[in-house]
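Input: a single structure, listed below in structure tokens.
We call the chains A, B, C and D, going by the order they appear; numbering starts again at 1 in every chain.
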Amino acid sequence: MFILVNFKAYDVDPVAIATAAAAVDAETATNIGVAPQAADIGPVSETGATTWAQHTSPVEPGSHTGQPLAEGLARNGATGTLINHSERRLTLAEIDASIRAAERAGLDTIVCANNPDQIAAVAALGPDAVAVEPPELIGSGTPVSQADPSIVSDAVEAAAGVDPAVDVYCGAGISTAEDVDAAADLGADGVLLASGVAKAEDPAAALDGLVTE
Amino acid sequence: MFILVNFKAYDVDPVAIATAAAAVDAETATNIGVAPQAADIGPVSETGATTWAQHTSPVEPGSHTGQPLAEGLARNGATGTLINHSERRLTLAEIDASIRAAERAGLDTIVCANNPDQIAAVAALGPDAVAVEPPELIGSGTPVSQADPSIVSDAVEAAAGVDPAVDVYCGAGISTAEDVDAAADLGADGVLLASGVAKAEDPAAALDGLVTE
Amino acid sequence: MFILVNFKAYDVDPVAIATAAAAVDAETATNIGVAPQAADIGPVSETGATTWAQHTSPVEPGSHTGQPLAEGLARNGATGTLINHSERRLTLAEIDASIRAAERAGLDTIVCANNPDQIAAVAALGPDAVAVEPPELIGSGTPVSQADPSIVSDAVEAAAGVDPAVDVYCGAGISTAEDVDAAADLGADGVLLASGVAKAEDPAAALDGLVTE
Amino acid sequence: MFILVNFKAYDVDPVAIATAAAAVDAETATNIGVAPQAADIGPVSETGATTWAQHTSPVEPGSHTGQPLAEGLARNGATGTLINHSERRLTLAEIDASIRAAERAGLDTIVCANNPDQIAAVAALGPDAVAVEPPELIGSGTPVSQADPSIVSDAVEAAAGVDPAVDVYCGAGISTAEDVDAAADLGADGVLLASGVAKAEDPAAALDGLVTE
């Protein structure tokens, strides 16, 4: 399993959480990654944590201002990027171009979507992975694997029907090892989470709580 | 005069250009700033160059993904931010909120706009500075101070009519000391430029050429 | 006073409400206008009601798909258009261009904004009128003239400071004649409302209730 | 074959072109539809022409301003709607919701996309039809069936691989019966065009030229 912790625009110390994530990653069989804001990618990657961007621009190098160019993310230490997160939706053509941009810069890709139909749609664009996050469960505290397990298994099936090589993640409401295990049982290759770790009083303990039971 | 060099999403070495900018800034009476991509702010600010963001998100800390939070830009070394660049247009409410976000994080602000009426509009929102950039001249190679000098003097007058404390910059097509001097003669407090320096074969020489005659 | 009733995307009979509005307009000293969806402008204007668009595209005639061209709204009976409604925010450059598009087609303009600073900003662009609608009060049932009267008087002052010829409207939570009178006492030239009339069980009675006490 | 003529935001007489389209539709075996701006849907549909919207909002009835609600388009005479036209791009979630909105209102759907991968993506969302339009050929005068025939046959194959019930259209540069026949030979069920008819000096003759050789 791969657990990716999105720091969003939380008022937190990204280096401290990344340091904790790198330690848990080293001590356990679970792979942990972190997704800080673009400006924090450099110092976060220097902790040794597997570092992802929250978003990459679909553009090629050129006259574009205020957008995170894939090459700029990569040269500061990112090894992957979320695309089309529910808080950063893109047009279909931009999703397609963002996957191409990430490939160009050597970044892995996880493309987010709302439901199994949309998962099939983004799987058709050839990303490394897709992630299903039902909008109504984001930030709800109720894990998707419990509130709506079929959405996870349907997403796994939908992606496999289009491209069996595409990994499938799920997200929304995940905060315990039980939730992570339930996601794995439903066929997910990993989970996305955010506040459960990044806003925890003790992020290291929260991460430990995800990988041990 | 303040010269702000926007690195856009150019395929350039941001640290090398920033190092050159810091040197010219130290050796001359002209203040030079640089605006790299968000992920490059840390290494660029470590050169000692005055570092600006190309864009800041209007949001407050919280559940927002893939947006550059003002606090995140500031903690990595940015001291100011462009807002509403012609390649990163915002709604009016977002411009207002972005100025508030920058103030919250201690970032200076330059809000871009197309013409004198829009300059008056953004001056009413209380930024530190405004910048007029006629869209048809961006990247044209023809300096705004020569192609349409009245747009600069009208922008200076428009901003002063709303708030005399707001500085006024101009941009588009500027590449020589003569262009910079012409902007100053028209009442501008500084200039924005991009390709003239950032894509020059020798950025240090291009910067020298802006401040000496 | 001018009362403009926004039909939004409500599931209502636009012709029936417009017919009621035209009757109240004819029988009283208050001017009533209605703002249906673009596709309903023709049949609504045929009732004799003063018909406004909810939005106009900033574009000039040409290769643009799925946008309401100002000339198309006008030829079907619209005499004015809202611009930058809180549910249809535009960039500053688009607000400017939308005012120009409306002028080109002979449409009156009301540009919406959140607060007095933004009112000053949009007044600088030369619309016929501006409308202040505090986002937190929209749909709240609490009239802006009661919840935050200073926002209305400050907006009136802000607009007058930029351009005394610009009319000022207010909106959010208005549903009674008392609310309308309070808005007038604060210096407003008119009010915007929506659900209070459009979703009323008896829209004609709701309109009567706005103009008589 | 179905030929859908997009009137875009052209400065043309929509009723005149629609009248010509209805006549050609009645006189030939080819089905002709027209896609006027939202405000023109009523008078255009009264000509008897098969009338499509250029865009429908993804929203359900409610508090949404300046967006064409599917029900509003349908009650004024539209029988179908384009979705995600290259000049009106939507996020993936909006494309999905727009298809649902159109179904709710009884409108047929054609979802546009750039290339065969994106065609597979949108086919996964269950529209009635998809349309491939290579952006670089739009308005080029060079028909897609001639410039890049494999993009059409690849799109037909990509859609069939996802859902054989989805019709496939192509567009960009089509202006003659030869182009239409070439599209049919490549497996297309119809074509989208715009300026070739809508901006022709004699739209009726241009339509005749599409269906006879």
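In this section, a contact is a pair of C-beta atoms (placed from the backbone, for glycine too) under 8 Å apart; a residue touches a chain by one contact, two chains touch by 3 or more.
This is a predicted model, so every value here is computed, not measured.
Trainee: Could you tell me the least number of steps, going only between chains that touch, from chain A to chain C?
Mentor: The fewest touching-chain steps linking chain A to chain C number 2.
Trainee: Chains touching chain A and chain D alike, please list them.
Mentor: In this structure, no chain contacts chain D and also chain A.
Trainee: Please identify the chain with the largest separation between its CA centroid and the CA centroid of chain B.
Mentor: It is D whose centre lies farthest from that of chain B.
Trainee: Approximately how many whole Å separate the CA-defined centres of chain A and chain B?
Mentor: 33
Trainee: Starting from the mean Cα coordinates of chain B and chain D, work out the distance between those two points in Å.
Mentor: 43
Trainee: If you average the Cα atoms of chain B and of chain C to get two centres, how far apart are those centres in Å?
Mentor: 36
Trainee: Can you list the chain D residues in contact with two or more other chains?
Mentor: 86, in rising order.
Trainee: Based on the touch definition given at the start, go ahead and assign the chain network to line, ring, star, complete or other.
Mentor: The chain contacts form a single closed ring, each chain touching exactly two others.
Trainee: Per the touch rule above, enumerate the chain pairs that touch, sorted by label.
Mentor: Applying the touch rule to all chain pairs gives A-B, A-D, B-C, C-D.
Trainee: If you look only at chain A, which of its residues touch chain B in the complex?
Mentor: Result: residues 6, 8-11, 14, 37-43, 53-55, 57, 59, 61-69, 71-73, 75-76, 78, 82, 85-88, 139, 194-195 of chain A touch chain B.
Trainee: Help me check something: in the complex, which residues belonging to chain A touch chain D?
Mentor: Those residues of chain A that touch chain D are 84, 86, 89-96, 113-115, 117-118, 120-122, 124-126, 158, 162.
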